[in-house]
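Structure first, commentary second.
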C-alpha cells in the first residue's frame, strides 16, 4: 500500500487506535454513535483530553448537558477539563445554557433553520482563536431534532460537515443513535468514519461492543470488540473475539 | 479513582444502592422507566419515604393518580405518607385534581405549551418552602402526551430538567416507557441516570428485571438483575445472575 | 403487611380471586384487555352476575353489542340477566341502540368530544338511582375510536376513570386490545388493575392464558395461567404452570 | 348447559359444523377472513348452496368479482347457481357491474359515505322479496376501502351489521384479511363469529389451516385444523391435530 | 369434477402448466408477482412467445423498460420478438417512450387519473386490430405508483381488469411485489390467478421458488417449487419438493 | 445460447467479472447498493480506474463527498485519479461543491424538481466532450432525498436512467441502501443490473457478502459471496461458498 498514507490522530483510546492502524486520518469527521449510557461522551472527552495532553488545542461544542457537570464527571477519570480551559488549550461553546435565557425553540423558529449557519460561524471563530486542531460536538441530535424533512436534515448535516472540513481540524461528533431508527444511517453515510457503540442484553447478560462501521481510505479491524469503562476511561479489548 | 467523588443519595432500595456503589450522585436526575405494573411508583415512593426517614424533606409532583389512593397503597408497605405531609417533611402537588375543576386539556390549549413553565415555578416554590432535598415527579408522560413534535418534546424535557437542576435537589422522575416506543430514549439521553424495569414472559413464566441503563460519572453494576415487590417494598437481587 | 388492607371484591372467577389474594380492591378500576374471542365479555358478565348473586346492585354500560343478544348468550352459563334487570339489581344503559335512531357519528361530531361528559353524567345517575356497587363498561374502545390524538385520548380515559372513582363503585372495563397496538398501554397505565387475556397459536395448538398485569397496592400471582370457558363460565387454572 | 340453546344453521361444511357443535347460531353474523386464494368465496358459496339445497332462500351481495364468472366456477363443485336464481331461491345484487356504467368511486364521492345506507336498504328489499333466510356479502373490504378514518370504518361496519341483524337472517360476510393488518381485528370484534383461513409456508411446504376465532354464546373447537378444497368443495379435517 | 371445465391456455412453461393441470383458464387475468431479478419479465415473454408459436396473436403493453432492450434480451432465449411484430402476431404499445417527449408525470397530472381510461381504450384498439388472444402488461406498478389512496388504487386496478375481461383475451400482468408491502395483496385479491416468484437467502444460499397463490375455479399444485432461468428460459421443478 | 451475446464490460473486479460471465453487458445501468462502509465507492472507483487503464474515457458525477478527498483515498489502492483527469481520460462533475456557494436546497426549491434535467444535460455534455464510454454517479440518494412522493421519485429515476441510456455509455450508479427501506427496491426494478453489498454481524463476527441481485438478459452466479477490501482493492471470493 503506497501513495495515500494519511497522517493519523489518536482517538485517546489505545485499543481503538490499534484497530484503526494508528488512529483516525487527520482532518476526518468521525461519528461516535450509540444509545444512552454507551459511553459516547466519555470516549469523546478522552479524545479531547489526550489531545490536550499532547499539546494540541481543541474546541468543544457542548449542546445539551451542562459543561459544569461534565467537568465534574471528568475528574473521575483524572481529566482536568477546567485546567485545559484555563490554559487556553480548550475552548468551550456551552450552547446548553441558551434555553434558560431566551428559549432555544423560539430562537430556532425565529431564524427558520438558519441556526446552523450561526453555529458554523461560531465554531470557525473559536477554532481560529486558539488555532484548534480538534473539534468535538456533542450531540449532533440536538441540531437535527427540530427538523423532520429528511432532505433538509441531510442538507444541515452536509453543511455542518462541510464547514468543519474547511477548518482543517479533525472532528469527533457524538450521535444519539439506535439501530432501529430509520434516519440512523444518514449521518453515517456523510461522515468519514463511524464508530458504533452497542449495549445488548443476551440471556440476561449485558454485552457492550464497539464496531468501526467505516473509515474512508484506510484499512481497519472491522470486527465487533468488547469494551469497558473504568476509572482509567474507555478501554477496548481489540485482541480477542467477543464471546457470550 | 480520584477527583470526582460525588456525594451519594440512597435510592431507598438496598440492592440498588449496592449496584450504584452507594446510591445515585447527589443532585442527579434519575429516570425510572418501565411498563404498567413494573413497580415504578412503588420504587419512587420508597425513595421518598427513606429520605423522609433520614430527616430529608421532599417535594412530590403527582400528575395522574389520586394522592389519596397512593397514601392508602403506601400503608401496605408500612409507609405513612400522611404523617410525612403533616410533619412538613413532604409537600405534595396533586395535579391530578386539576382536570375535575376546569379541564387540563383546555388549560393546556389555552396556555399553548407554557404549562410547564408554571409547573416549574410551582416546583421551585415548593422546594424553597420546605428546603426540599428531593423531588419526585410521577409520571413525566403526563406532561408530554399533548405534544407530538419530537423537537418540542425534547425542549420541554430539557427545560424541566434544567429548572430542577437549578434547585440543587436530587430528583427521581417516573417514566411510562415501553422498549418498542420510538421516543422511548429521548428522555434517557437527557437524564443523568436511567433505571429500567422490565416484565417479560419467557415460556409462560414472568421474569422481572431491573437494569441500570446509565448513570453519568460513576461506576455501577450494569447487568440485569431480578427484583420482587413484597410487603417490605422493592427488593433487588443484585448478587446473583438472572436465570430462567 | 399492615396498614393497608383494602376490602376485596370478588371477580366472580374463583381461580382469579385466588390469584388476587381474595379479589380486586374495592373501588378499583379493573381493565380486562384482550383480542376478539378471548372471553372478555363473558368474564365481565360473570363479575356482574356473581355480584348480583351476592345482592349487590350493578350498572352495565353496553356500548356495542345488542343487550338482547347478550341476555340470550348469558343463559348458556345459567345467568339470568333479564331477571336481574327486573329485580332492579342491574340497570343497563344500552348505547348500542343510539346509532339506529340518529347516528352515533353525527352525534359525536355535533358534541365535539363532549359525549363522554354526557356518558359520565348518565353513569352517575344510574349508579345513584339503584345505589350500584359495581359498574361494567363494555367496551372502552367504542368511546375512543373517533379520537386520534393520543393526548386527547388519555384525557378522555382520565376523565372517565376519574368520574367513576368519584362514585365509590368498583368498575370492570372491557378493552379491545392487541399486544402490537401502540396505544395498547395507555389505558393500562391509567387503570388500577389490568388483566390480560391472550390467545396464541404455538405449533398449531391454541393456548389461552390470563395474566394479571398489575393491581395497585396488593400482592398477586403475576404468572400467566391457562383458562377455559365452559358452560360453567370462565375458569382459571391458577395452581399449575402453563405448559405447551 | 341450559337456558340458551340457539338454533343452529349449517355452514355447508360438515367438519366445520362439527367444530361448531352443529353449525353457527341462527341470525348470527359470521365473518370469513383470509388472504387471497384461501377459499373464502368457495366456503361462502358452499354455505349458500347447502341452504338452497335445504329449501332456504338466500340473498347474495356480490361486490367485486363478476357473478357470471362465479357461476362458472361453481359448476366445478357441482353447484348450479343459475338454477337457484331461476328458481327464485337465490337473489343476487351484482354491485360489481356498477363501475362500468357510471363509476363506483364517483358515486361514492357524490353520496359522501352514504352509499352503505342505500346498500342496506337494497339488502332489506331483496331479503323481504324472497323471504331470505341467509345473506352472503362478498367482500366487506369493498365497502371499507374508500374510508381511512378508523372511527368512521367502525361506524360503517356497525351500521351494516346492525341493519342485517334487524332482518332476522343469518349472514356470512367475506373479509379480505391478513394477520399483519392493523385494522384486521376491528370487524372481528363487531361480528358474532369469526372463521380465519390461513396459508403459511413452513420449510417450503404450504400449510392451510382454519381456526374458529370466536362465536358468541356457544362452545366450539378452538384449535387450528387443516382444510383442503377439492371438487367436493371445502373440507375440514377437524378430528386430527395439525402436523407439519 | 364436472360442469366447469374451463378451456386452458399454456403459460409457455411446461412445469407450471403441469402444476395448473394444463394451463391457466382461458380469459383469466394472471398476476405474476415478485421482487427485482426474479424473472417476471422472462416468464411473461415466454408466455407470449409460446402463444405466437402456436399461431395466436398477442398485445404487449410495455410500460417501463425499452422494448428495444427486451427484444435484444429475448434473443438469448431464442425468442425473435421482432419477427413476431413484423408478422403482425405481436403488437406492442411501448409506453416507456412517452416520458422522453412530453413527460409522463405531467401528463398524469393533467388528465387527473384518467390516464387508465385512455390506456384501456388503447388496449382495446390493439386487441381488436390483430384479434389478439393474449394481453401482456408489464408492469402494473407503473400505473399505480402515482396514486396513494388505496381506495382509488383498488378502483384503478378494478377498472383495468374489468376492461381487459370485456375483450375476451387471456392476460398476464407483471407485478413488482415484495412480501412486506402493505398493498401487496390488493391486486392479488382482484386477479383471477396469482403466481409468486420469490428469492430468499437461507444460510448464505440463494433459493428461488415459485408458488401458485391462487387460481379461481380450478385445482392446482399449491406447493412452493424451485425454478431456474437458463438459455432455454423459465423452468419449474414441479415434481420434487424444495430442499435447502 | 445464441442470438443475444451482449458485449461485456469489465467491472474492474476479477471475481465479480467471473460471476457475471465476463462483465456487465455494455450500455447497461448497474446499481451498486449497500449500507455505509460496505465499499460501494471503492468498487465504483475500481470500475472507473480499470476502464481508464484500458484506455476508455469516463465521466464521474460526484454528488456528496469532496473529490479532493476521494483522490487522496484512491492513492491507497494505487489509483491515480488526478493523472486520469489531467490526461483527459476522466472528467469529474463535482456537485459536492455547489452547497458552499449558493445552497443546494434553495437551488432545488427554486427549480422545483427540474434539477435533474440540468444534471442530465450536464452529463450529456461531459460524455460528448471526452467521448466517455463510462458514467459513474455517486450517490443516487443525493438526487432523491428531497422528494418524498414515490411516484415522483420513480419518475426522476426513470428520467435519469433514460437519459443515460441515450448516451451509449455503460453506467455504474452508487445507491445508499439498507435492506429494511421501503423504497429500497424501486431503483432495483428500474436498473438493468443490481449488485448488493451487505455487512451483517453474526454471533459477534462481521460477515461481508456481495450478491448479484439481477442482470437483465444474461446468466450469472446468483449466490452470495464473501468479499474483502485490501490495498489491492475490492476482491470477491466467488469460487467458494460463504461459511460463518
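The letters A, B, C, D, E and F name the chains in turn, as written, and every chain counts its residues from 1.
Please note the rule applied: a contact is a pair of C-beta atoms (placed from the backbone, for glycine too) under 8 Å apart; a residue touches a chain by one contact, two chains touch by 3 or more.
All values reported here derive from a predicted model rather than from experimental measurement.
S.K.: Give the fewest steps needed to get from chain C to chain E, where each step moves from one chain to a chain it touches.
M.R.: So the least number of steps between the two chains is 2.
S.K.: Specify the angle of rotation obtained when superposing chain C on chain D by their C-alpha atoms, rounded to a multiple of 5 degrees.
M.R.: 60
S.K.: Any idea if chain E and chain F meet via the same residues, over half in common, or different ones?
M.R.: different
S.K.: From the centre of chain D, which chain's CA centre is farthest?
M.R.: Chain centre farthest from chain D's centre: A.
S.K.: Chain B to chain F: how many Å between their CA centres?
M.R.: Once rounded, the distance between the two centres reads 52 Å.
S.K.: I'd like to verify one number: the distance from the centre of chain A to the centre of chain D, where each centre is the average of its C-alpha atoms, in whole angstrom.
M.R.: Each chain reduced to its C-alpha mean, chain A and chain D end up 60 Å apart.
S.K.: Quick check on chain D: which residues sit in contact with 2+ other chains?
M.R.: none
S.K.: Chain sequence round the ring, chain D first and chain E second?
M.R.: Read cyclically, starting with chain D and passing chain E second, the order is D, E, F, A, B, C.
S.K.: Report the residues of chain A in contact with chain B in the complex, numbered from low to high.
M.R.: Going by the criterion above, the answer is residues 35-37, 41, 64-66, 69, 72-78, 80, 99-100, 104-105, 108, 139, 141, 145-148, 176, 178, 181, 199, 201, 204-206, 208, 229-231.
S.K.: Can you tell me which positions in chain D touch chain C when the two form their complex?
M.R.: Against chain C, the touching part of chain D is residues 1-6, 149-152, 154-155, 158-159, 162, 165, 185, 188-190, 192, 194, 209, 211, 213-219, 222-224, 241-244.
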